[in-house]
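Both complexes below contain chain A, partnered by chain B and then by chain C.
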Partner chain A sequence: MSVPRFWRKQIARYNLVGTHCKQCGEYFYPPRNMCPSCRREGEIEDFKFSGQGEVVTYTVIHAAAEGFEGQTPYVLAIVQLEEGPRLTTQIVGDAKDMSIGMKVSPVFRKLGQSGDRGMIYYGTKFVPA
Partner chain B sequence: MREVAIIGVKNTIFGEQWDRSFRDLVVEAGVGAVKDAGITGEKIDSMFVGNMSGGQFVEQEHIGALIADYSGLAKNLHIPSTRVEAACASGGLALRQGIYSVASGMDDIVIAAGVEKMTDVPSAKASSALAAAADREWEGIMGATFPGLYAMIARMHMHKYGTTSEQLASAAVKNHQNGQFNPIAQYKNKITIESVLNSIMVADPLHIFDCSPITDGASAVILAPADIAHEYTDTPIYVKGTGQASDTLALHDRRDITTLDASVVAGKRAYEMARMGPEDIDLVEVHDCFTIAEICAIEDLGFAKKGEGGKVTFDGETAIGGRIPVNTSGGLKACGHPVGATGVKQAIEIVEQLRGEAGKRQVDGAEIGMTHNVGGSGATAVVHIFSRNR
Partner chain C sequence: METNQNGVNMSVGIVSYGAYIPRYRIKIEDIARVWGDDADILKAGLMVNEKSVPDVDEDAATIAVEAARSAVNRAGIDAQRVGAVYTGSESHPYAVKPTSTIVAEAVGATPVLTAADFEFACKAGTAAVQTCMGLVASGMIDLGLAIGSDVAQGAPGDALEYTAAAGGVAFIIGNRESELTAIIEDTYSFTTDTPDFWRREGMPYPEHGGRFTGEPGYFKHVTNAAKGLMQKINTKPDDYDYAVFHQPNGKFPSRVASMLGFSKEQIKPGLVVPRLGNTYSGSCMMGIAATLDQAKPGDRIFATAFGSGAGSDAFSITVTDKIEEIRNSAPKVEELLADPVYVDYAKYARHKGKIRLA
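Moving on to the complex of A and B:
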């Protein structure tokens, strides 16, 4: 992913900052600027999530995505944050310890980098709470 | 709105075709369909071509113009040609756009085609091109792959409904069983549940034999107003219903991980237009990009209760000769999955079945068939219903 494309969502990725619709009360992470329920009537503001959540579902990836070859096997999961929204992330830890419903907490981790000399991407992964 | 019929069809062989180019494939399908319909190029009013990622697979955009050109329809006839893209649902959507253009009265004779040339790049590059159908910024960046996303659907389905790996595998086994009788199929070998379970793990719980392959291929159909279809063929196949629906791009934003709401809604829209229900359908081609996708599809389209898709598949209800034959072509798993072509190929399988030309995989007495084509992990779905009778 290009540097500006990553950089412009850096705060959201580093600090789990998403959005909140003041009109209906729904929370969004990844952030959305248009509430799907209220649409133009919605009032969107930034919101920093606590990061506490639980595993909705997960998989152990053996055939890696491009750029993740050195990480296999890795655990990819959908995590539901306590405020409601769900996100796709990695769970750091042993695959055999994973289970649906497991409580998790956020950790700041390297996600990858562009080539040998390119920018390093950081973001939020999760660990068993 | 006018009724629409399919009057000509043609698939290329599906498989790894090192000696044939993107344009070779789509021209063969297009010319073959024109020949099957018994028309000439001058008759064609417009064309729609489904293609997911010419840009990434063959470094070529402007696909519509390329295809019109190499089909001999550009330089002298200047026939309008439009590319349609919705990831792996591109073919089904191109067909739907063709149906719209004939139904509206703007065009009479229309080509709807689909093409993908996926083996000109290494398989890692092909996988990352396919991954662009998911949310690059919020799924891809975390290391998500397509098998990974469907594996998370599978894990949830197992957790919620007790679906087993053996039940998932039975969809692949059945599709290989059907594929051996399809002359265009990429794989014509039979496989067993044991061989699926012993194949390497791609994304737990999905093994490589739970996954559809990387494929080169093209498919094309000719559409005409139903009122004049008999001028071209004795066996026109009528479009009775078409439905399309969107859902969130990312899997994590879905209402229910184990239901593709886009499939449910697209199916409902097609059923309503056709004034039919699941009980009226004699056979269906569903989007089995992974075995779990077939299980979800037959539930979402009303052929099995939610949670029972694995069981009915394992029990043989979706085999040829069963209650509702699913993927008689071999599906994406055995017939192959050239992503832009798949949605059109599904329609051709139904046409061949309803014409009674499906040979050893013929469903006896088939009169009404359905196709179901999905983009990404379920952000787009398109469903069509076809009938032998007007």
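Moving on to the complex of A and C:
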């Protein structure tokens, strides 16, 4: 990931900041600049999610992509936040403790790094609540 | 408003505090087995039974953020009031690029604040506390966030490997009397150039002077700082309900406590090292946090940190009524120590990055 690309969405990754349409009430994560339902009538504002959510589904990664080899096996899940949006995230913990519908809460972790010389990427992962 | 002998308003203190300890632990037996050492002799000598191990995706920055968020949440602080973030660590993830900016962003304190990283072996956290005290007392900032956080390094097979642990503690320092959970009545430091422990640029593990770290390092500095503070503010060990001394192992703080005239009961709540190991920059602050977790309003705490290199920072602290209000709003040190997941040496080596992948 390029440095500017990460940095632009940094606050969203660190603090689960997304957006909310004041017109229709929908919440977006990752943040959207425009409401797909209300279009130009939409009124978008920043919104910090509570971080409480539940596991919609998950998978256990054994053959990791480059840069994640040191973490296998790890759990990748779709988590639905209590405000509605769904996001793909790592769940910290043992795969045998995971279940669909499990309540989760956010933690601040290292998401990855660009080799030994590049930037370290931080952000939100989830743990069983 | 109280003033100290320098005429500076010293009515500053801890508004809130937060701690973080990774979930994993390794037992001394598991490390000793790998290196052919006698675990019973080590455990008796060090008074440490197990130490915390960071997860594969935890470092001094993530631990600092978790501790800082815990401190912000415990007292429901508006993070925008924080005017300074200082993170003390000897394991900052970057050699150049502050940990403190990561923390400031992650707690929502940016952008109007000053920040920097501190390094002074095991006392960088308390140096950050003192800096925040000065900034707050002078009126330069409203609140200061001082953190000690480490994923301490010990070379494979080195004596340090038995104790080098991971954890962090954050204090929010302020001077509005109605907000203070604990008043820091005064602080006193004793510092000399003593090469008892160091890590050169680019080296993965620190070097130390073996037994040299004891008398000329730890004991000289801790006793001088502690005695100096008690003399300065005219107190004695009996005036305090609790005491905390830097805990690189269980033996040093126990011995220095008795040298200074503090009892085993006074140091008991803060002596978490047997189940945690040495969290370096977090070590003394962890002891203070664990003591605040159970102290009553009016209790007095005497604390002295030590950092190799070498220096000691001593603090005289009085707990206020506010403690009862905020204590249960964030995880206590005992809760963070409970329910650990034990790893063996192989898994520990993987978590600590001691196994190099191609």
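FYI, the second predicted complex is superposed on the first by the 129 of 129 C-alpha atoms of A that agree within 3 Å, B and C clash if a C-alpha of one lies under 4 Å from a C-alpha of the other, contacts with A are read in each partner's own complex, and residues count from 1 in each chain.
We take it that contacts are C-beta pairs under 8 Å (C-beta built on N, C-alpha and C of every residue); 3 or more make two chains touch, one makes a residue touch a chain.
Quick caveat, the model's predicted, so the values are computed rather than measured.
Superposition of the two complexes onto chain A shows chain B and chain C fitting side by side, with no clash.
Of the two partners chain B and chain C, more chain A residues are in touch with B. Touch criterion met: A:10 reaches chain C, while chain B stays clear of it. Using the contact criterion defined above for the overlaid structures, shared-chain residue A:109 touches chain C, although it does not reach chain B. Look at A:87: by the touch rule set out above, it reaches chain B but stays clear of chain C.
Once the two complexes are overlaid on the shared chain, A:70 sits against chain C while remaining clear of chain B. In the superposition on chain A, contact is made by A:120 with chain C only, not with chain B.
By the document's definition of touching, neither partner reaches A:129: not chain B, not chain C. Of all C-alpha pairs linking chain B and chain C after the chain A fit, the shortest spans 12 Å.
Under the contact criterion defined above, the residues of chain A that touch both chain B in one complex and chain C in the other are 71, 90, 111, 125. Touching chain C in their complex are the following residues of chain A: 10-11, 14-15, 69-71, 90, 92, 107-111, 120, 122, 125. On the side of chain B, the complex with chain A involves touching residues 124-125, 127-128, 131, 135-145, 147-148, 151-156, 159, 200-206, 250-253, 257. For chain C in complex with chain A, the touching residues are 55-59, 61-62, 65-66, 69, 93-94, 102, 105-106, 108, 350, 353, 357.
Against chain B, the residues of chain A that register as touching in their complex are 1, 5-6, 9, 30, 56-68, 71, 74, 76-78, 86-90, 95, 100, 111-112, 121, 123, 125.
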